Structure formats: C-alpha cells, structure tokens
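Below are two complexes that have chain A in common, paired first with chain B and then with chain C.
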Partner chain A sequence: MEGVQILVDGFAISALYALGAVGFTLLFGVSGVLNLAHGGTLVVAAMIAWLVATGLHLGTATGALAGVLAGLAFAFATYAAVVRPIQRSRAIPREETEIFILTGTLLWGIMCQTALAYIFTTNPITVPALIGGVVPILGVRTPRNEILIALACWAVIGALWLLINRTRTGKTLLAASINPRGLTLLGFELSRVHLLVWAIYGVLAGFAGVLLATFLGASSDAVGPLTASAFSIVVLGGLGSVGGSLVAAYIVGYLETLTAYLVAPTLRSIPPLIILILVVYLRPQGLLGRR
Partner chain B sequence: MSKTIRASLWQPSRRQVLAGAAGLAGMATVPAAVRAAGEPIKIGIIAETSTLPGAAIPKGAQMAADEINAAGGVGGRQIQLVIYDDHVSAVEGVRAFQRLAQQDKVAAVIGSFISEVALAIEPWSARLKMIYITPGAASNDISKHVHDDYDHYKYTFHGWFTSYFIAESASDAAHDILVDDLHMKSCVVMSEDAAWTSPLDDAYLEFLPKAGLAVLDHIRFSPDTTDFTPIFNRIEGKKPDVIITGISHVGVVPTVQWKQQRVPIPMWGVSSQATTSDFWKDTNGACEGVATQTGAGPDSAITPKTIPFTQAYEKKYGITPAYDGYSTYDLVHIIADAITRAGGSTDPDKLVIALEATDHLGTLGRQKFYGRQDRFTHAFEYGPDLMPGVVIQWQNGAQKTVWPKKFATAKVEFPSFVKLPS
Partner chain C sequence: MALPRFRLLQVSVLIVVIAALLPLWLSAYILGVLTTAYYFGVFAMSWDLLFGFAGEVNFGPTFLIGLGAYTAALIDNLLGWPIPFCVAAAALAALVGGLLLALPALRLRGPYFGLVTLVAVLLLQNVIVIFAHFTGGEIGMTVPDVLSVDAGTNYWIALAVLTISAVLLFGYSRSPLGLILQAAGQDPVEASSLGFNVAKHKLAAFSVSAVFSGVAGAMLIFYLGSASVDVVVDLAIAVQIIIAAVLGGRRTILGGVIGGVFLIAAGQVLLPLGQLSTFVVSAIALLVILFFPDGLLGHALRRSEQE
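Showing the complex of A and B:
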C-alpha cells in the first residue's frame, strides 16, 4: 500500500520536476545560457494564473493560459533586458560573458522575487485544480489533478520531443546546440534561433509554474529554491542533455518521495543533494552529459 | 487587495516627517504648555505585512488610533502610529525596535505575531526600558522571562494567549464537541516546527488525553514543506478520528492538499491564517470545514465591542481581521488608557504600573495582565469571564463560532469527504 502510494506520489512530483528542468537545460544546450532567474519565470506564471483565475474570476483555464503567456513574456523580458545586452556589450570581454550572464540573471531573479513579494506578499498561493476529485489507483486515493499534472507534463515533453526531432525548426535548434558556427555558415541567423529557444523555454517554464501552483503552491520565497532544484536536476542529468534531465528528475523526485515516506518529510531535500555532490565528484559531466 | 498595504504603510512615517518639520517650525512661537498638550503620542508598530496574520497588525492599530483621535485623543493629544515592517526577520525586528525607541521616541511598541521575533525584541525592551507588547506571538517563554527576571523584563507584556492556554482552550473545545457530541476517541497532533509550537505541543499532549482524545502520533514538520501527501498518509495510517493542528506560518498549502487529496479526517486546533477571510481566497475555498481556536470570530458576541469592530474592519479593508487584528486594536486602547491613568505620562516605569492595573473591556473580552507572582507574568489572563477564547469554523465560505456554546452561532459541520465516527 505504502509502496503504491510512493510510486503514485513520486510519479507526479517527478513529472513536474522534469517539466520544470527541461526548458532550463534546453536553453543551456542551445544558447549556452544558464538562466538563474528560472524560479522567477515559474513563480511569475503561477502568480498571474492565480490572479486571473481567482482574482479576476475568469476561470482556471483562462488563468492557466494567462500564466503560460506570462511565463513567455517574462522569458522574453529576461532575454531582452538582461541576457542580450550582456551578450552584445563590447565592454565585457568575450570570455567573461558567461559569468556576467550568471550574475545578471541571478540578480534579475532576486529583483523578481522582491517585486513579487511586494505585490503578492510572501504567502503561498494555489491555482484552483483544473479538475477536482479523487480516483483510487490500486487502493491509493489519488487526486485527479495529480494524474492530470503527470499527463500534461508528459504531453508537453512529448510535444517538445516531436518538435526537436521531427521538424525543421527543431533540427535547427539541435544543430545550434552541436555546432552554432556551422549553422551560421549555412546562412541561419543565430539570434533568431536564440529567440526561438527563449520562446520555447518561456512556454515550458510557464506551463510548469502553473501546474506547480495547482499542486504544491507557489510563493515569492520559492524563486530561489525552484532555481536550485532545476539546477541540481540539470547538473545531475548532464548540462544541456534533455534526456539526462528527464532521468535525473525522476531520480530526484523518487528519492525525495522515498525519504519523505520512509525517513522523515523534513529531510526530503537532503539525499538528492548528496547524490549531486557524488556526481560532481565522480562524473562531473553528469549522468548523460556530453563532455 | 491587501497586497498594497506596504505602500500605504510607509506613508504615515513620511507624513509624520512633514508633521515633525512643521512642528519644529512652530515651536519658536507656541508657548511650552500648549505645545505639550498638542504633541502627539507616538506608538510604534512592527508587523510582517506580507503574511496574513501580520497584515492585520497595522490595520487593527490604525482603527484604534483613528477612533481615539476622532474622540479627541488622549488628554487632547493625538495618537500617531510609526509603522515598520520586519519582513519576518528577527534582526530587522530588533532594528525596527531600536529605531522606534531611540529615533522615533515612541511611548510604546506593539509588534510581531512571530515568537522568534518577539523573543529577540524582548531583551531590547529590557535594555532600552521601552514598553513592548506582542499582539500575537504565543510562546510561553515571553512571559516566563518577565516572571524570572521581573526587574529587567517588566517592560514586556504579552497581549495574546500563551501557547499553554491556546492548547487548553482547543482541548476543552475538543472535549465538548469532538468527544461529547461526535464521539471521537483519538487524534494525531500535527504542528509546524516553530518556537510557539514547542510549548503548544507539550500542552496538547498534556490536555488532549484528559479531554478524551488519545494521541496516536505527534508530527512536527518543517515550515518549508510543500508536499504534505507523506504526512497525511502517515496520519491516515494511524486511523485517528481528528488531526489536531498547530499551524500559523504555513496554512495554505496543507489546507489545499488536505482538500485536494480528500483526506477523510477533520482538522481542528490552531490554524492562524484561517482567522482572516483572506485565507478563503488564498485557498480557493479549500479551508471549508477547517476549525481553529482564536480570540474571536466575526460573529462572536463576546463583548458589545466585538461584532461592531469586525464589521467596521471588514467595511474598511474588505476582509475579516486575522486574530491579531483584534488584539492589536485592543492593545492600542489599553496603552492609551494606561497613559491617561498615568496622568498623561509616557515614562516607562509609570506606564508599567499603569498597564499592570489594566482592566479593559476589549473586543476579545475583559482584559487583565497576570501579576508578578503568576506563572505567565504580564500575559493576558485567560478564563471564561476574562478572555474566553473561541473556536471558529469555516462553513459555506463564512467563519462561524462553534465553541463555547455561549457564543456559538452554528453547529460543527465538516465537508462530505470527511468521515466521522459512527
């Protein structure tokens, strides 16, 4: 009974983690940007979804849509206001661009957190579940919303897979992650590819933020921890590897759930961090990393 | 929306700077005696306005100050509030307290619903000889310090129930309703890990078995917890009739998941955030059926002041007051009365004596502070003829008083997914 409960609960949490991390890793793989304002994108999407759904009484579906759009808008804002100016700056030496982007996005994330706390307070909000009720799965009372979350996460990840592997646009992205110089030589505008990957990132993160808020809730205080959690999953899976992130999300999700059930709920975040340290020691490129 | 408070929160201090400047300019011409009569009495407020309970502190204070000022002030002097936000940080709370004492020169400070913050401020109240009253922190240690070292700590007062009395009141209510009426026999205690819940849980474990509820398990969880499924799962495994809660810093997430997962066990005890109607909005109504011990609900006719206060508050702010909105409102009146009885003096030692003689009919009942020899020195006295305490429950989107019978306006009702013992 408890085993099934762990399987079910862990599956939904892991799916959510996977969706949260996949955009983050894709963005790094294609454009080389580690967006440390990632948690901000999730929480902005969650807050806007909540505001539209319950503050303006426009219903959960409209709220969810508004949330995803807000995620997209925030991703573009991050790109336009922070990342692009640093990439284009002549004052910043080429080899220091990455560290400037790390610092820039980190500060942007903190600004976002402070602004959200100011506007929405630090109290967590929850977006109403898209569907209510519970269904028994092998005797475990499972909220329909949790099943929906898992399905939605996998549907979005599946759509992403199709996009990357089955469309011309996706192949451009793949090419950009492997050999950006080659891509420019073929006459592709790299900045347009980057804009595209930021758009995909925004939608993925927006989706993750909205779903997160229907289950675990979201608050401005979660901006940092959400970034950290995506970061550890991505490092564990291998930076830039989408498949690695999916595997890592499930490892982290199940490890946390197992700890919460079998040891103590308060210790749930510790074991994944220990694994992370071990991976950094023994296999720095991550589980499925390329380098 | 309550979320805009912080902007307005800073306005009084800005306005006050202007008023101060005008006052300075006027000094040259106004005779000294007239000046003393006209000078406002400043009361410092420290609050956590980004939280549901903390947001009620400046609101309750403002209502009392407006009322006192409209009635002519304290001996002709207006009450002026100086408000700071400590952002749920003990360090910022202490800094705000020092600034209120040393720069703003307030007569007294009402501040913070968080025991960790209150306990950090308390020694500064002793060092700076500045009256400090918490309107909502509960830890037994606040009054214990006053009891153990009265000469130094006498400037601190505890303007809420101690954790001990909260547990006693929730257990008494559990006895009358859950055990006697609903035939419950067992419970699991579930509390957030915080300074106020350590003494609360000790008292729960002492009072609940006496009330007729065997305690099957005792769970303390981190306030950072986001997934409560494992906790509810463990509780369900013990098959208790009720979950006895001790939550204040958290509220939204466990409540929403309780409803979403259809946990068939009712929640009873303390759920501080559920004392304001903002909680209904934040949980999208998931708090239906949640019962919490508190000082008063919007419909508890404890004194002739209770319901009119709630109505005025709701009219002004659009939400019902969180528990410390009531106490802060009462405390501003109590401080004003004490200053009046001290002959208009704001000397801290005179104020301590005046406050100790408090016998005030507030929104929460008849309010007196325990004396030097009592266990909880300077805390509000608890009792059916003093501050009785109530249990309120969310029913169909409204907060209904369900205990004690004297003030009850509704019978206990739980959502359909909750299973009661047959």
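Showing the complex of A and C:
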C-alpha cells in the first residue's frame, strides 16, 4: 500500500523535477549559460499565476497562462539585463565570461527573491488545482490533479523533443549545441538562436513554476533551493544532456519520496546530495554526459 | 610601474594607522559594526585567493568558515579549552575541510567544482541541524568564553587579525608562489608543461584559504559569543562574501577588505529599507560587475597604472 503510494507520488514529483530542470540544461547545452536565477523564473511564474487566479479571481486556467507568460518575460529580462551585457562586455576577458555570468545571474536571482518577498511576503502560496476529485490507483486514493500534472509535464517534454528533433528550427538548436561556429558558417545568426533558446527556456520554466504552484506550492524563499535542486539534477544527469536530466530527475524525485515516507520528511534532501557528490567524484561528466 | 605599488603600500599603512585610532572617537555601536566587517574582510580575502589566483569558484566559503566556527564553539563548550587552543583547533578542522574540497577541485572544472562546494555547505547545514543536541540546531549555540566585553578591545583584535591576514595573503599572492598559482589557475596545461606541479600549488592555496577562513570564523563567534547557522554557515552569507570580493576587485586580495566594509556598512545605512536593503546591495554589486568588472580597487589600480 505504502509502496504504491511512493510509486505514484514519486512519479508525479519526478515529472515536475524533470520539467523544471530540462529548460536549465537546454540553456546550458545551446548557449553555455548556467542561469543561477533559474529558481527566480519558476517562482515568478508561480506568483503571477497565483495573483491572476486567486487575487483577480480569473480562474486557474487564465492564471496558468499568465504565469507562463511571466516566466517568458522574466527569462527575456534575465537575458537582456544580465547575460547579454556580460557576453558583450569588452572589459571582461573571454575566459572569465562564464564566472561573471554565474555571479551576475546569482545576484539577479537574489534581487528577484527579495523583490518577491517584498511584494508577496515570504508566505507560501498555492494555486487551486486545475481539476478536483480523486481516483483510486491500485487502492491508493490519488488526486486527479496529481495525474494531470504528471501528464502535462510529459506532454511538454514530448513537445520539446518533437521541436528539437523534428523541426528545422529545433535542429539549429541542436547544431548550436554541437558546433556553434559551424552554424554561423552556414549563415545562421547565432544571437537569434540564443534568443530562441531563451524563449523556449522561459516557456518551459514558466510551465514548471505554474505546475509547482498547483502541486507543492511556492514561496519567495524557494528561489535559492529551487535553483540548487535544478543545478544538482542537471549535473547528476550530465550538463547539457536533456536525456540525462530526465533520468536524474527521476532518481532524485524517488530518492526524496522514499526518504520522506520511510525515514523522515525533514531528511529528504540529504540522500540526493550524497549521491550527487559520489557521482561528481567518480564520474564528473554525469550519468549521461558527453566528454 | 613601481610607483603605484609603492603608493599602495603607503596608503595601506596610513589606512591601518587611522583605523587603529578610530576607537578614540567612534561610538561602541559603530565599532561593533566595523568589527564584524573586518572579519568579513578576511573571509573575502581568503575567497579571492581561491577565485582570483587558483581559478576555482568556491560557492561555499561558509563551509570552511562554519567548520572552523563550530569546531571552536563545540570544543569550548564540551572541553572548556582556552580560546587560543579552540582557535587552533578551528584552523586544523578548516584545513582538513579545505583539503577535502581540494580533492574534487583537482579533478573537476568550473561549474562542477562550484556545485560540490555548494553541496558541501548544504550538507554541513544539515549535519548541524541533525545533531541539534550538541550544536543547538537552527537556533545556534552560545560559547562560554568571549574575547572581551569592551568594544574597543574587540575592535583592535579584529583589526589585528585583518591586518596580519592581509599582509600574509597579499604577500603570498605577490610572491613567486602566487605567480605560479595564478598561472596554474589560468592555464593549468601550460603551467604544468613549464614544470610546475599544479596540484601541489592548488593544494597549498586551498590550505591557506581554509586556515584563514577557519581562524576568522572562530574569532567571529568568540566576538559574538554565539555560533549559529544564520551567521557562519548559511548560503546567504556565502553569497555576501562572494559579492564583497567581486565588488572590491577580484585578483587584488586587498579589494576584499574594501568590499567587506562597504557591504556591512551599506547594510547598516540601508537598514531603514528593511527587506529591500538586500535588493539594493545586490543591485549595486550587479551594476559594478556589469560596468566595472575589475571591482572598486581593481578599477582604481588600473587607472593609476595608466597614468
């Protein structure tokens, strides 16, 4: 009975983790940017969805749409205000761009967190479920919303897969991640590809933030921890490997759920951290990483 | 070329003399703020040694600081050793922690190592909370011994720690060893092809950085009279140290002092803004990074060299 419960809950949580991390890893794979304001994008989307859905009484569907748009807008703001100025700066040596982007986005994330705490307070918010009711799965009463969330996550990830592997635009993203110089030689404007990947990232993170708000809830304090868990999932799977992130999300999601049910909910974050350190020591490129 | 460096020495001596005389006319409250700021300056300088010279992004300077601080606090509480012995034990504990961190750093590059340091802080924080019976958990623990009850004495001790650390760390960074370290950080392949043992120099840098972090962390809690996660371990503190070092100017060591004092002072000045003070400080740091990537001191030094 408890076993099935862990299987079901773990599946939904892991699907959410996967969606939350996939944009982060795509962004790194295509443009080499580790966005340490990632948690900020998720929470901004969650807060706006909550504001529109319950503050303005426009319903969860409208709220969700507004949240995704807010995630997109925040992603563009991060790119325009922090990442692009650093990439274009002449005063910053090229080999140090990466470190400056890490520090810059970290500061941007803290600004986002404090601004959100000022506007919305640090109290956690929950967006009302899209659909109510429960269905039994093998004797476990499962909220329909939880099933919907798992399906929605996989639908979005599936759409991303189709976009990358089956469309011309998506293939330019793939090419940019393999050989950016080759892509420019073929006449593609690299800055446009970057803009596109930031847009996709914004939509993915926006979706993840909204779904998070309807499932586990969100608060401004979650900005840092969310960034940290996305970062660890992505490194565990292998930086830049979308498939690896999906596998890693399920490992982390199930480990946390197992610990929460069988040991103690307060210790849930520890086993993934230990696994992560072990993997980084023994296999620095991550589970499915290249190089 | 020699002139600015000579001027830097003169200015530094002048600043230390003025700083030593400050207790004559400043209030105990302001002295207290500066005392914290000076320990913060040591944290930032130790961080810059790893970041600016060894080329390692340490997202968790508070792992080393917290290790030192909690070791000192636990020994003082459980064994009742005198303060100097507690501080020595803190240095030792931080050294072990630094070597543990250095192991992955020798194998991993950039973001991977950064993540390990981040995780190290989270694990330390969890361990402190789990063993709340000894460590006081999230509330923290008081230490029976304090350095002094007089604000002036505490201030002078902090200034002495800061000055000694600054001289040693700055001397290390400008010595031939520091130069090799910088080469190892910027291009490990070329440095090792020139015959330098990259691993040895990086291990040395980690050890030095760890010892200074641990000692300053222990001194800070003996000044405050208590150790808590919010003050010496939390990631927010780690981020502040990074901001201080980058703000002051990376690869300058002394910039960390300027950044640390600026950050703590700004926090006090902006106190009326409440929650928004962090927002303003982060925004200032972001603007400095975007427009003066060399930091305050780095920018000033470059200007004077160009003249």
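Keep in mind that, in the parts below, the second predicted complex is superposed on the first by the 291 of 291 C-alpha atoms of A that agree within 3 Å, B and C clash if a C-alpha of one lies under 4 Å from a C-alpha of the other, contacts with A are read in each partner's own complex, and residues count from 1 in each chain.
Basically, a residue touches a chain if its C-beta (ideal position, glycine included) is under 8 Å from a C-beta of that chain, and two chains touch if they have at least 3 such contacts.
Note that this is a predicted model, so its numbers are computed, not measured.
Student: Based on the superposition on chain A, does the combination of chain B and chain C result in a clash or a fit?
Tutor: Once both complexes are aligned on chain A, chain B and chain C fit side by side.
Student: Return first, second, both or neither, reflecting whether A:Ile277 touches chain B, chain C, both chains, or no partner chain.
Tutor: second
Student: So, A:Ala15: does it touch chain B (first), chain C (second), both, or neither?
Tutor: neither
Student: Have a look at where A:Trp108 lands relative to chain B and chain C in the superposition and call it first, second, both or neither.
Tutor: second
Student: Write the angle, vertex at the C-alpha centre of chain A, between the C-alpha centres of chain B and chain C, to the nearest 10 degrees.
Tutor: Nearest-10 rounding gives 70 degrees.
Student: Is A:Ala117 touching the first partner chain B, the second partner chain C, both, or neither of them?
Tutor: both
Student: Applying the touch criterion given at the start, work out whether A:Ala260 contacts chain B, chain C, both or neither, answering first, second, both or neither.
Tutor: first
Student: How far apart, in whole Å, are the nearest Cα atoms of chain B and chain C in the superposition?
Tutor: 6
Student: Where on chain A do the contacts with chain B and the contacts with chain C coincide?
Tutor: Shared contact residues on chain A (touching chain B in one complex, chain C in the other): 117-118.
Student: Mind listing the chain B positions that touch chain A in their complex?
Tutor: 1-3, 6, 49-52, 55, 88, 193, 220-222, 224-231, 233-234, 237, 252-253, 256-257, 260-262, 273, 281-284, 286
Student: Under the stated contact criterion, what part of chain A meets chain C in this complex?
Tutor: Result: residues 34, 82, 85-86, 89, 91-92, 95, 98-100, 102-104, 106-108, 110-111, 114-115, 117-118, 224, 228, 231-232, 235, 239, 267, 269-270, 273-274, 276-277, 280-281, 284 of chain A touch chain C.
Student: Per the contact definition, I'd like the list of chain C residues that touch chain A in the complex.
Tutor: Answer in residue numbers: 51, 57, 103-104, 107-108, 110-112, 114-116, 118-119, 122-123, 126, 130, 186, 235, 239, 242-243, 246, 275-276, 278-279, 282-283, 285-286, 289-290, 292-294.
Student: Where on chain A does chain B make contact in their complex?
Tutor: Those in contact with chain B are residues 2, 5, 9, 13, 54-55, 117-129, 132-134, 141, 143, 145-146, 215-217, 222, 225, 257, 260-261, 265-266, 268.
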